[in-house]
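Just dropping this structure here.
All chains are identified by letter, namely A, B, C and D, in their written order; residue positions are counted from 1 within each chain.
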Amino acid sequence: MKKLINDPQDVVAEALLGIEAARPEVRVDHANRIIYRRDAPKARKVGLVSGGGSGHEPLHGGYVGLGMLDAACAGQIFTSPTPDQMLEATKGVDAGNGVLHIVKNYTGDVMNFEMAAELAAAETGITVDTVVVNDDVAVQDSLYTAGRRGVGVTVLLEKLVGAAAEEGRPLSELAALARVINDAGRSMGMALTSCTVPAAGKPTFELAEDEMELGIGIHGEPGRRRVPLASAREIAEQLMEPILADLDFSSGPLIVMLNGMGGTPLIELYLMYGEVAKIIERSGIPVARNLVGNYITSLEMAGCSLTMLRADEELIRLWDAPVNTAGLRWGI
Amino acid sequence: MKKLINDPQDVVAEALLGIEAARPEVRVDHANRIIYRRDAPKARKVGLVSGGGSGHEPLHGGYVGLGMLDAACAGQIFTSPTPDQMLEATKGVDAGNGVLHIVKNYTGDVMNFEMAAELAAAETGITVDTVVVNDDVAVQDSLYTAGRRGVGVTVLLEKLVGAAAEEGRPLSELAALARVINDAGRSMGMALTSCTVPAAGKPTFELAEDEMELGIGIHGEPGRRRVPLASAREIAEQLMEPILADLDFSSGPLIVMLNGMGGTPLIELYLMYGEVAKIIERSGIPVARNLVGNYITSLEMAGCSLTMLRADEELIRLWDAPVNTAGLRWGI
Amino acid sequence: MPSAVITIDQLTGWLRRFHQLVIKNQAELTELDSAIGDADHGINMARGMAAVIDKLDGEQPARVNDLFKTVAMTLVMSVGGASGPLYGTFFLRFAGAVGSVTELDTAALATGLHAGRAGVVERGKAGLGDKTMIDALSPALEAMEAVIKTGGDLAAAVTAARDAAADGRDATVPMVARKGRASYLGERSAGHMDPGAASMTLLFDALAAELAG
Amino acid sequence: MPSAVITIDQLTGWLRRFHQLVIKNQAELTELDSAIGDADHGINMARGMAAVIDKLDGEQPARVNDLFKTVAMTLVMSVGGASGPLYGTFFLRFAGAVGSVTELDTAALATGLHAGRAGVVERGKAGLGDKTMIDALSPALEAMEAVIKTGGDLAAAVTAARDAAADGRDATVPMVARKGRASYLGERSAGHMDPGAASMTLLFDALAAELAG
């Protein structure tokens, strides 16, 4: 295992020190591993709290700041944070207007946020609402399983709902907006290589030189199926096909994200985006906005994921609103 | 070799298609492999042209846009572009105020830009000035060698001189400013793994599980020396020590960049930045601004480089000026 | 004649033995989680039980409900992931069911485990055969209750539970996961043992070992 | 008796043979560049010579200076890196020195190579022993001039040049690089053959082979 770390046990705590040193727009509660927007709680604003396992940077800590999250709870690598962290963050961002929990749909994340909401109800007067993001078409959605995973749409949702929160909209509206966004977005990912959890010390899985994992998640969990290594052109088709099969995108202009898994060089991501753009162009649906880069990663995994969101004028307006975070910044 | 590509021969051309599709602030001349600012040539402004081998993304194409470059010439992977590209770009950005060539100090880049400047002098009336960036302290500087390589300072210089150009300053002033910046900055890099040139098909070098390259460049060229794998804390010392030994930084606040080589996850870069910040803090020199992320890369190489620039009020002001490029964006 | 009750000291001993077993099997638990999850179950459980033992080294509750509430809250606050809330809820409900006592007889032990299981099911909504820790916990509890019904003693009940847990754990191998992270694999999850069922079996191993002395 | 001149067809043949040799040795040239450079020299030369041959397939200049000017400009515009301007300048100066002729005798060939080398030195500022293509080119030229001085014929001159280039190339192995990318390695550059010296040797191999027919 080759990593720029000290002790594998200290990776998350020490990365938080670095984020605190680097980013003027946040402050860090190291005891509780919470990254706060520096000026939280913001008056006349619903607090947005997210969080999850670490190893997906810039998600979530890199999306704390004006126009996105008010706080992010950092779990251990690939492990949901704990209810006490989330409760503390909830208290720390509440300005009397309630708090929205943005949760990626993983059993651990859902249960820990659930307990946090129960604690908030029992111990505080804070109104908490929860939106669960589940956009990964690689996973069959079913009442009898854990359901689809939350992946790329999380990034777009945090941006869009963050912009709406900045406008002073009430919690119920933000929660409804978040659900609309979740329903309008789908993602699909693939991996060329595995990642290595620092404390595990070796790759989570092995892929031969001529293989790739299709439908990979963001935790090194195996994907839908192992298939022969394909060209960028074919991979673009393989990512796009299940997304388009799952949802009708024809009604709206798109927000598209071509996301790197952490170890993929930008030149490959741009090349992939070119392939994706060609396919979308054939469909005739206009792409209004796009992101190409590492936005929701899986440590040093090589690979990419594609996220498509069916937008409208209002979502585009929210997209263009100012944002100032480590991971996304414009308009300010 | 596992990459998100089609044919190794087509990587650069196809990545340019993707950049063109993704980025509204640029247009691409595919025949000449030039990324132009969409509105180039800009009246009342000196044109800034850079370029170099591909594989360092976002450098240089990702720094084309308001407040940075007017054009970037893309060479083959790790291979300087050619004089005809540079000449064409020079013509394409000149608005009658002359053009500054920003060249990283590599034999190939220097010679090709030299030929381009000769052609510009012979064939056009355009005034061209050239600044050569050579900030890599891993390499001994000497009149009898190729001299120090140009690495991280290139990014900072393109930002700062880009801001000054936006203010309408004349070519001579911009060239002088560029040289001041180059003289005030130093970098040092290291690698945990090699990169693979697509057309070569295999890693440029092999590193054992317990080794790293100290003083690596950005082309997979071997470094100063091969040393045992060390902790992030020790690596921070090993990067910082030769930088501080080479230049006195005590007079000014710093702009610091902790740069990933392309395959390093952000969590490790933040952890490394924490270590770097601790050492700088002991020195008592304030850090005015910083960047943590992948800014000048070496394909999928894992590792990082540290760049320190001795700034002053004026440079900080230029740093904070609006910029709108794929790689850096703020204030707009 | 073997004792008919578990003292609070033995319950603490149970937890210490569980901690030891988790450490001993940490790599294997993580290995199992690599195959069908995200390669952290051993790490999670080791971190959580280390925190529990740390806590118990500082304060030694005198009552069973206080002991297990402490264990529960420490697990919830230190593990995260799926196993944190599940093991946490297990001990929290256990505590609530047995109340403020200083020892447990066989029936009380079964009552506690019963409540614990109900908590896990409520929190995680998994049923038998979904390839989770429930597939070790449920058979263990039922084996224990069967022994009690036929008048067996504490040692026999716990031994039966331990063996049933191990069988239940082994039976997860061919299952297709329907809950937790392994469910993302669908059919590909078959052929691998569930890591949570493996750690749950260690919990019963530790209990049997503690009672054996 | 061997011919005393190289015709324009033979010069074109020289370039085609060079292209073939570069292709044949492309992986090896890149391998050499991996050790002390950036793993692209074979790729660069192959791309450049493919462009040259492409160009010559379309238009076949009738004069030596036009031929080599075309070669030079094509290399400059397609290779990039260090080798592009250097090989480009080499052929450009060669063209200028020999002028508008249709064949070269031994003296003219030497004149062209002499001018070519001067161009490379001017552009790259490398001297003998800096571990660059100069270390193959210079000995080759000097060996040729020595043969000419002692009245040797064209074939003898070219054979001597080829052998001297190969010796010069081999002599780069122990050298510590002072120019080009390999210079960044300092002492670590010793023990490896310079890729540019290797490709330059192929140029003389191709010339000798063309004259041998």
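Convention: contacts are C-beta pairs under 8 Å (C-beta built on N, C-alpha and C of every residue); 3 or more make two chains touch, one makes a residue touch a chain.
Everything numeric in this text was worked out from a predicted model, so none of it was measured.
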Minimum number of chain-to-chain touching steps separating subunit B from subunit C: 2
Most widely separated chain from subunit C, with each centre as the mean of CA atoms: D
For subunit C paired with subunit D, centre-to-centre distance based on mean C-alpha positions, whole Å: 75
Subunit B and subunit D: spacing of chain centres that average the CA atoms, whole Å: 32
Inter-centroid spacing, subunit B versus subunit A (mean Cα positions, whole Å): 29
Mean-CA-position distance for subunit D and subunit A (Å): 55
Of all residues in subunit D, the ones touching two or more other chains: none
Pairwise touch network: line, ring, star, complete, or other: line
All touching chain pairs, where touch follows the definition stated at the start: A-B, A-C, B-D
Of subunit B, residues touching subunit D in the complex: 53, 75-84, 106-108, 111-112, 114-115, 138-140, 144-146, 149, 197, 199-200, 204-205, 217, 219-222, 224-225
Subunit B residues touching subunit A - in the complex, by the definition given at the top: 1-6, 11-12, 14-22, 54-55, 57-58, 62, 192-193, 207, 209, 212, 229, 231-233, 235, 258, 262-275, 277, 290, 292, 294, 297, 299-300, 302-304, 324, 326, 329-332
For the subunit D and subunit B complex, residues of the former touching the latter: 30, 34-40, 43-44, 47, 76-86, 88, 123-124, 178-181, 183-186, 188
